[in-house]
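Data block below; observations after.
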Amino acid sequence: MIDGGLRILNAGLPLIVEAVPPADVLQLDWRPPGFGDPETARLGLTLDDEVTVAANKAAIERVHASRPLITGIRPAREVVPGIAEGRTLLHAGPPIEFARMCGPMRGALIGATLFEGWADDPDAALALLESGAITLDPCHHHDAVGPMAGVLAPSMPVFVAEESTGDSGRRAYSSLNEGLGKVLRFGAYDSEVLTRLAWMRDVLGPTVGAAIEAAGPIDTTSLISQALAMGDEGHNRNLASTSLLTRRLAPFIAAQAEAAQIASTLEFLAGNDHFALNISMAGAKLAMDAAVGVENSTLVTTMARNGVEFGLRVAATGTEWFTTPVGPADGLFFPGYGPEDANPDLGDSAITETLGLGGFAMAASPAITRFVGGTPDDALEATRSMRRITLAPHPAFPLPPLNFAGTPSGIDLLAVIETGELPMINTGIAHKEAGVGQIGAGIVRAPSGVFAQAVRRVAELRGVA
Amino acid sequence: MLGAGRRQLVITSDAFGLVPGGMQVRPPEFARLRRDLARRDPARGAAIHGWRPAVVEPADLRVTAIDIDSAALDLLERATTAPGAIGAFDPSRQRAEASALARAARDGADVADTLLRLIGAGPGSTPAGDDVVAGVLAGLRAAGLSEAAAELGARVLPLLGRTTAASTHYLEAAATGRFADRVHALVAGLRSARSAPAAIRAAATFGASSGTDLLAGIVAGARITPAIRKSA
Amino acid sequence: MTSLNSRVFPRLYRDSVALMAIASSTEARDGVDRVGAVMATPANIAILDESAMLPTGLTAAPDDLVIVVRGDTDEIVAEALDAAEAALTSVESARRNEDRPAATIGEGIQAMAAEDSDRPATMAAISIPGTYAAVVAERALRDGLHVFCFSDNVPVEDEIRVKGLARERRLLHMGPDCGTAIIDGVPLGFANVVRRGTVGIVAASGTGAQEVSRLLDLAGAGISQLIGVGGRDLSAEVDGLMTDLALDLLEDDADTGVIAIVSKPPAGPVADRLLARLAAIAQKGTPTIACFLGAEDTDGEVTVRGTLEGGAIAAAAAAGHPLQVDAASGLPTTAPPGRVLGLYTGGTLASEAKLLLKRGGVTDAEVLDLGDDEYTAGKPHPMIDPEARATRIAAAGSDAGVGILLLDLVIGYGASPDPATPVVEAIGAARAAAAADGRELLVIGSVCGTPADPQGLDRQRGLLEGAGVVLTPTNAAAARLAATLHTTGARA
C-alpha cells in the first residue's frame, strides 16, 4: 500500500517502531521547534510554503550575485548619506537613545564629538550629547557599518564599497580600523586616540585611498575568498586578508611622494591584523542590502548589536528592527578579566556572519577555534551546523577543509525556528567601561527572541498570523 | 580581535595547579569545561560557549631566591633516580645532563650543545629534557642566580622550535622566570628536610616522569648556590 | 635480521602515563624487541638514530607522536604498530564527534536518502508532546510522508487541519492518539504479529483493533492492512476525514477482500454517511463489516456488530475462514459470591466487557480501564508497565465484596516483555489474602495475542493457567462467563 515500502523517520519513542526492521527506521534527535513555543513553531511552518521558498531563492540569488568593489576612501561627510546634515553621529546596532547606551558607545560618542570639534572637553561633549543637540542614528540606516561601538563621524574617512554587477548605484561604507589597544571603538577618547584619528583622517585615509585609486578597485569577494583559503574566517581573523591587501597596495603607497607618510602608513598596516575586517564588513553590508525588501523573503539581512540590544532585520520586513536585550558574550577572558567586566555584545561586525563568514566560516580558520578552546574538528562542526539554517552555500567562498564547499550563507529565519539552531557569531568582548578595550573573545549565539518576533511580523504581513 | 595572534590558554584545576599564561578554575567548573570539550556538543558548537568563570585573580608565578637547606637538597637528589622510562626512552639520560648544564650556566660557559641534546629530548609530551631545563632554570633562580638563569633562558628561547607546542609554552615562561604551580611545589621542598618529602611525593604524581625530571633540574640548579645552609 | 618500522600520529598528544602503558604493552608482545613512543622532536629523532631505532624515511614534526617498533619480522612489527594505534585511537574515537543525528523531518529525509537514494523515507512516526505533534505531522505531510501519530493531547482543530492536508495529498495521517497499525505487514505502535490475509481493518480504537486482528489470525483469515485513524476520527467535528481516505486506499488495495471498521458508534450523521459508503463498497463486491461497539447486530448490505468478537466472527466468515470460539470444556459452573471486578489494560476491551456484563444482567460490576489518564497519572501505560495493575489485583484479595476478577492480557509489540508474570504473582497474593479471610476468588480472562508475538502466546497463557486463571478464547467470552456465573452460579 505504501509506495516504496515503509521507511520511517521516528520522532519520539523508539518503542513505537520496535517491530520495524531497524534498517528501515531513522530515529530523529527531535527537539521542540520554535524555541519551545508551539505558536512560534506553527507560524514558522505555516510560512514555509512555495511563496516563501520562491522569495528566498530570489533573495539569496541577489546576495550571491553581489560583487562589491572597494573603490576608494572618502571623508564620510562627502559620501555617507545624511551624515553631513546638522550634527550627526552614527553608531552600531539597532537604534538607541544616548541615555540607554553602554559605556563603550557613550565613550566613543564623546570622542567623536571632541574629534569633530563640537566640544572642547569631555564634560562639554557629554552635556552636548545628553542635550540631544547631536543626532544619533544607527550606521545601518546610512548604508554603513562599524565594528564594536561603530561610531562614525562626518570627518572620519570611510571605505566606499560599490556594486560592480548589474545592480549598480548601490553603495556601502565602513570606517577604517584603528587597530587594538586604546581605540575609539572600545570607547577610549583620550588624546592618544584623538591624535590617531586625526592621523587616520589626514594621512592614512588619503594615502591608502590614493593607493586604491591607483591600484584599481579591491574586489572584496575575491579578497575574502583568498583569505578563507589562508586561515581567515572574515571576522575575527583578518591576518591573511590584511596581508593580501597590504601586498596589493604597498607599491602604490610607496609610489607616493612623502617618505614619512609612506613609512607611517605601512607601519600601521603591518601592525594592525584587523585592518581588512572593515573591508569584509563593507562588502558583506553591500551584499546583504541587495536582499532588503524582497517581498515574502525570510532571509536575515542584518544582525547587529548596540551593547544593550541585539537587532535583527529580515528581507520581507525591510528596515524594521526586531530587538531583544543582549547579554555579555560568553567566552574566554584575558588574564585579569572576567564576565563581570564584560560589556553586553556589541558591534555591526555580525554582518559578516549574516553573509556566511565569521562563525559560519569557522572551518576555514582552525586558529580561531584553538583560541576559544576548541579543535579543528569543532571548527568543521560549527560550519556544518550553520548549514542547517542557511539557504545555500556561497558560490564565491569555498572552504578548503570542506572539500571546497561554499560557506553556509543566507540565514533563513524559518530554518532557525524549525531547528532551534541559533546563528553563531565570532566576537571580541569589550570591557563595559569606556576605553579599557578588548578583554576577551568568544562565540555568541544570536538570541532566539528576535527570530520569534520576526516570524510573527512576517506572518502578519502575509496575513497568516 | 584576538589580540597578539595565537595564544595558548592553558586551563587547569587545582589538581594540576596554575601554569604561566594560563588560568586555574574551581573543580566543578573544570569538570564542566572538560566535559564540554570532550563532548563538543554539536548543538552549541563552541566547546566552552556559555562558560562564566568566577572572579579572576592574577597570580605571580615567579620563582625567587630562597634559603636552601643542604639536607633537603640531599633528600631531593636521592629521589631523582626514580625510573620513568617509556619504551626505549629513558629519562635518566636527560637527567644526567642537569648538573653540567647548571655549572655551565653559572660559569657563563657554552651551553649550546647541551641544550641541543636536551630540548625536545626524551619521553613524554613535554619531553624529559625540557623538564630538566625548566628545572635548572627554576633551581638557579631559587639559588639566587637570577642573572645566570636569565642568560640560560635567552639561550633556550631560540631552540623552542625543536620541541612540542605544550613544552614551548612552559619553557618560554620558564626562560623569563615564570613557572607553573607544580614547579613551585617542588622548589618549596628545598627549604628544609621537613618540606622535602612532600615535594618528592608531589613529583611522583606529575606525569610518567615529568615531576622527577623537573626535580633533577631543580636540584642541579640549586646545588650551584654559593650559600647552602647547613641543617641544624 | 630484525625489522624496524614506525607510525606517525600528527599533532597527537597523549598523557605520558598512557604512552607508557601503550609502549610497555607493545613491547611485551612476542617477537617485539624495542618500542619507542615519543614526540618527534629533532632531539628525539637523534636519539632514535643513535640507538638504531630510526626507520629510513621517517618524516615528522615536533608536535607529532611517533611510535617505533623493532621486532623479529615485518609481520610482527606491523601487528604491534596496529595494536599500538588501536590503543591510541580508542581514546581518540571515543572523543570524536559523531555525525550530527538528523533532528528534523527535513534532515531525516535527507539522511535517509543519503543512506539509500532508491529507498527514501515514506512515513513519519510521531510520539512527541501533543502540542508539537501537528507541526511535525504537517511538515511530514508536506514533504510527502505518511504519518503515524501516537501523540495524544493534539487539539482537535489541528487534527482537522492536518487530516485535511493529508486527504488533499492522499497520504495517511493515522492518529492522533493512534495506538495500533499494521501497514504492509509491519506492526506499528502496540500491535500483534498477525498473519497476512484479506481483511482490511480501519480502526478508531487501539486494543479493539488488536482483538479483532488477532482473532482473524486465530481464524486463519489474517489481515491485509490495519489502518488506525485515531479515536476522534468518527466524531462530528473530524467527520471521518481519515476513515474515508483509508477506505479509498483499501478499496484500491489488491490484497484486501473484506473491509471491517472498528470503532465506538460514530456520531449520528457520520454513522449514516459511513454506513452508506460501506454499503456502496459492498455493492461493488467487497463485504463490509461495521464493528461499532455497543451497536445492535444487524445483517444487511453492511454487517453491523456490537462486539469485537462479533465483528471478528463476521469478518472471518466473509473471508472464508470461520472463527470457532466454542466455549472451552471444563469451565467452572459456580463462582464465589461477590461482585465482578474488571481490571483492564486495554480501553476497548474494558468497554466490551462492561457492555457484555450489562447485557448479561450484571448491574453491580466494576470495570476499570487502567490505561485511562485518570489511573496512569503520568506513569507509563499498564500495557508497558504491568506493576500498577498488579498492585490492584493483589489488593482485590482483601476486598470481601469481590468474587470474580476479570482481566485482559495484551501482548505483542509495544507491550511489556512478560506481562503475565506480575499478574500471576499478584493473583497469588490476592488468593492468599482472600483465603486468610475464608474466601475464594475466581479469576477469568483472555489473552490478546498471536502465536507469533514476541512474548510467546502459549507461554503467557500457560503462566496464567498455572495460576488458576480461567482463560476463554475471546474477551467477550470471558465477560459473558463472568456474567453467567455471577447471575446464576454464585455459591451461597
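Think of it as A, B and C in the order they're written, each chain with its own count starting at 1.
As a convention for this text, a contact is a pair of C-beta atoms (placed from the backbone, for glycine too) under 8 Å apart; a residue touches a chain by one contact, two chains touch by 3 or more.
As the structure is a prediction and not an experimental result, all values here were calculated from the model.
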{"item": "Central chain of the complex, centres being mean CA coordinates", "value": "A"}
{"item": "Relative to subunit A, chain with the most remote C-alpha centre", "value": "C"}
{"item": "Intercentroid distance (Cα basis), subunit C paired with subunit A, Å", "value": "50"}
{"item": "Interchain centroid distance [CA atoms averaged], subunit A/subunit B, Å", "value": "43"}
{"item": "Rounded Å distance between subunit B and subunit C, as computed from the means of their C-alpha atoms", "value": "61"}
{"item": "Subunit B: positions in contact with at least two other chains", "value": "40, 42"}
{"item": "Residues of subunit C touching at least two other chains", "value": "97, 100"}
{"item": "Where subunit A touches two or more other chains at once, by residue number", "value": "31, 377, 381, 385"}
{"item": "Interfacial residue positions of subunit C with respect to subunit B in the complex", "value": "13-17, 19-20, 23-24, 26-27, 34-39, 41-44, 46-47, 51, 53, 62-63, 65, 68, 95, 97, 100"}
{"item": "Footprint of subunit A on subunit C - complex, ascending", "value": "96-97, 100-109, 111-112, 115, 119-129, 131-132, 134-136, 138-140, 142, 145-146, 148, 150-151, 183-184, 186-189, 191, 193, 225, 249, 253, 384, 413-414"}
{"item": "Interfacial residue positions of subunit B with respect to subunit A in the complex", "value": "1-3, 5-9, 11, 21, 23, 33, 37, 40, 42-56, 58"}
{"item": "Subunit A to subunit C touching residues, read off their complex", "value": "1-13, 15-21, 26-34, 38, 41-42, 45, 48, 377, 381, 384-385, 388, 418-419"}
{"item": "Subunit A - residues contacting subunit B, complex", "value": "31, 180, 236-237, 239, 273-274, 330-340, 359, 367-375, 377-378, 381-382, 385, 421, 424, 427-428, 438, 441-445"}
